[in-house]
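First subunit A sits with subunit B, and in the next complex the same chain sits with subunit C.
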Partner chain A sequence: MEWFDNFWAVYSNLVLTIGINALLALSIWLTLSCGLLAMANAAFMGIGAYTASLLTMNAGASFPVALLGGIAAPVAAALIIGAPTLRLSGVYLAMATLGFGEVVRVMILNADTWTGGALGLNGIPQLTQWWHVVAALVLVLLLLWRLRRSRIGRAFEAIKEDQIAASLMGIGVMAHKMLAFALGAGIAGLAGALNAHLTFFIGPSEFGFDRGVDILTMAILGGTGGLSGPVLGAAIITLLPELLRSFKDFRLMLNGAILVLIVLFLPKGIWDPMRLRQWFGRAGVR
Partner chain B sequence: MLEQQLVNALSLGCVYALFALGFTLVFGVLGVINLSHGAIFMLGAYAALEVVTRLALPLWIGLIVALLVAGTVGLLIDVLVLRPLRARNAPHLIPMIATIGIGIFFNSAVQGIFGAENLRFPSEAMPDAQLHFGGVQVSVLELVIIVLSFALMGTLMLVMKKTQLGRALRAIAESPKAAALLGINVEGLFFLTSFTAAALGGISGVLIALYSNAVFPLMGQPILHKGIAVIILGGMGDIRGALVGGLFLGFAEVLAVAYIGSTMRDAIAFGLLFLVLLVRPQGIFGKLLERKA
Partner chain C sequence: MLELARVSKRFGGLSVLQDVSFTVPEGKVFGLIGPNGAGKTTVFNLITGLIAPSGGTIRFKGQDLPGRQPHRITRLGLARTFQNIRIFKEMTLIENVIVGMHAHLGYGVPGWLLSLPGFRQQERKARERAHELLSWVGLDRKAGDIADNLSYGEQRKLELARALATEPKLLLLDEPVAGMNSGEKVELMAGITQITQRGYTIFMIEHDMRFVMGLCERIAVLNFGRIIAEGTPDQIKSDPAVIEAYLGREDDEVTV
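Right, the complex of A and B next:
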């Protein structure tokens, strides 16, 4: 097991980052599965991260309490902004929620007596163990897997396919949208809280526009047809810059190009069971 | 003092409006949120800078080159990336993600070629004369920014409102399919829109580079975020909205810095944005309806 110890010493942070990114990708997958193109997840992650960190650093709360706070605060925020913004649909909702993300970032930046402003919060106790991340990911996957097959999950799908038809069938469209939005916010907040106690530093710029876009990219690239897609997408987006490290200055350039190529040539994301079967099961099927 | 601030606000607002105009044009006609618009803006600034420093040509040639370079890049993006996605009828999220990739590509390519440091226009290339109107001091640069922006915006609005071309574009914004059935060359106009929008972005890149005298690879990112704020304020896909929203943001920022403090600059802009979102999420001129793609 020596090789594993070596591997873990070098790459443990990377592996755990994949887990946290997978949580984030799943959080946006949830809203997407309800047909909502909400992009406030980076902001929710930030709210969760700051709430949890302030709880452990200033209020002396235990880690479980901090995690709960990190989930509750973004859920509350989602319930407040959900009412006006979820009336919007399609890209309009995306823009509005991106705007909300900027508002949160600027608020964090200006509430510097609490949040440290642009300097961020330093010296957050490193309480996140590797199994916390694994447990959170497994729990969220189980929850979402169960949800998909429940009445609520089917209602989400109906709303995604045709909102008007769904409402005519007696589905409470607004309540379900709100549920998906708030639940997604909670998952993003959990990811933020875990991440803050892993990297022991957070700053407002981490939760801005770029992060929001990143989260969406992970989910879409992986494929939104099932739960495996977002997890796979998170792994790829996290690993890609590391794998391209030898290209130095042009690393991100290749990263961008790969992104465009995937979008152009893999329409349903990377995890697309139909196409995989076509590629690998050719001999057997035909 | 107030008059002076108002002039500053007007020139800054004009640049925001010009940037947002290209952004909103692509959204209105193509239905795509083009997140590479910030990178195009940056490419325009670098193109002008290269012309002025390396070729030692006057600034107005730099401006024209920036227009052409940015426009060509916009056209290439449309031909190589957006058109195949349109052809397969991809949901509107997909082109947006592709433009994210394009933005990353250009930002990091420029960083690789020119380095991450802040470049400046040589001082002899900058128009530095000052004009006085009553008690107000206006630099030639500010005057050029204001006049050029209003001329471009006025032309665009006139074209959209009064000409056959504008009518065709508005028809496409309403429904590309119906427009194609009526014999409008939809693909051609998509190319034209992409070129025009990117060219506007490139020009505004040069103007802001002159205004703040700074050219750096990530200069497009903050303005991209502000562009989003502007078109939310104004209503998405609406040209008047981009104009009003851009000027509004310019005034809000400059007045906030002058009377409240420079740290509140972004807070004011985005605080207002948040209020607009709560009260009127569709923006000032926007409609609440979703455009059916």
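Right, the complex of A and C next:
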């Protein structure tokens, strides 16, 4: 077990970051599965991170309470902004939710008596254990797996394909969109709360546009057809820069090139069972 | 069963429907015919709540429909198909049909989350019912196929089965045989006759005269947004206003 201890001492942070990124990718997968291109997940992550951190640092709350707060606050925010924005579709929804993300970032910057403004929050107690991340990921995967197999998951898929036809099947389109949006916000908030208690420090710039695009990339790259895709995408996006470390200055270029190649040759994401069967199944038959 | 009284619809300055009134009697097949652009699909869109009327009342089983959201209207027992087919193309046939049962699956969050017996039983029943509905339209053996792979006529039949899955009292069919060949038409005619025998009321829009005259017990004719005639197929066939709307008036040529 000595090798494992060594491995863990060096890489524990990286492994746990994969888990947290997987949660984020799943949070946006949920809205995508309902046909919504909502880009507010970075902001929801930020709301969760700040809420949970302030709860442990200033209110002296226990870690479970802080996590619950980190889930509840972004869900409440999602319910408030969802009512006007979820009527929009396609890029208009993306624009509106990106705008919301900027509002959140600027509010965090300006509420500096609480949030520390641009300096961020320092000295967050390191309460996140490895098994917290694993448990959160397993629970979220279980929840989403069961959801997909229920009438709610079918309703999401129907809304994604044709929302007018879905409404005429007796599906309350707005209520289901709101559910996907709020649940996604809760998962992103949970990821933010866990991450904040892992890294000591959070600052407003972590939850901006870049993070939003990263989250979307993880889900799209991995594939949005099932639950494995976002998890795989999160692992790749997190690991790729580390694996390419030896290329030094060319690292970011190679990173980008690999992503472009994957998107070109696997437009539905890496986890695309149909295409994998097509490639390997046919080779097996011959 | 369904009652429209003095319904009108204007899009800006354009008046699409004016004072449209008719009643769809329970247990019958009712047809709405009329030339292209007469406003027939608009009538369906008003009934199903996709657009709001500018005036008049629409009542279904004594309840006012305008102002209700489409999914609420569906849950009252009113289902429709579309002229330009709107099936869920990336789902399998059976999934398409089960989506239609959404409002009839009554299990709660613990049910699906923990896969409780109540959840499993309802899902199994839904699947059995979906197979039954698919067999009504003759698509049962393709239940596991992706809907996008179906032929045009089969997609129309799937849409019919999916509409039936909402357990409607009244079924609105928007040009059910458009784009079908004559063999498929005869087959669908038999299918629709069977469906009415099972106690459904049908209200259809159709261009195909032989199909309409063969199936409908009562017919209303819409032209330029107004009802110009209503009656039995024989009455409609001999109505001078209808003949004029479809074939034109002889002195039209003189005035040109």
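The rule is short, and it goes like this: the second predicted complex is superposed on the first by the 280 of 286 C-alpha atoms of A that agree within 3 Å, B and C clash if a C-alpha of one lies under 4 Å from a C-alpha of the other, contacts with A are read in each partner's own complex, and residues count from 1 in each chain.
We take it that contacts are C-beta pairs under 8 Å (C-beta built on N, C-alpha and C of every residue); 3 or more make two chains touch, one makes a residue touch a chain.
Every value quoted in this text rests on a predicted model; they were computed, and no experiment measured them.
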Touching partner for A:242 - first (subunit B), second (subunit C), both, neither: neither
Dominant contact partner of subunit A by residue count, subunit C or subunit B: B
First (subunit B), second (subunit C), both or neither touched by A:164: second
First (subunit B), second (subunit C), both or neither touched by A:106: first
Touched partner set for A:152, first subunit B, second subunit C, both or neither: second
Subunit B/subunit C common contact set on subunit A: none
Subunit C partner contacts - residues on subunit A that touch it in the complex: 143, 146-147, 149-152, 154-155, 157-158, 161-162, 164-173
Parts of subunit A lying in touch with subunit B, wherever the complex brings them together: 37, 81, 84-85, 87-92, 94-96, 98-100, 102-103, 106-107, 109-110, 208-210, 213, 216-217, 220-221, 249-253, 255-260, 263-264, 267
Subunit A-touching residues of subunit C, taken from the complex the two chains share: 48, 50, 69-71, 74-75, 79-80, 82, 86-91, 95, 98-103, 105, 107, 111-115, 119, 162, 165-166
For the subunit B and subunit A complex, residues of the former touching the latter: 27, 31, 33, 35, 81, 84-85, 88, 90, 92-94, 96-98, 100-109, 111-112, 221, 224-225, 228-229, 231-232, 236, 263-264, 266-267, 270-271, 273-274, 277-279, 281-282, 286, 288, 290-291
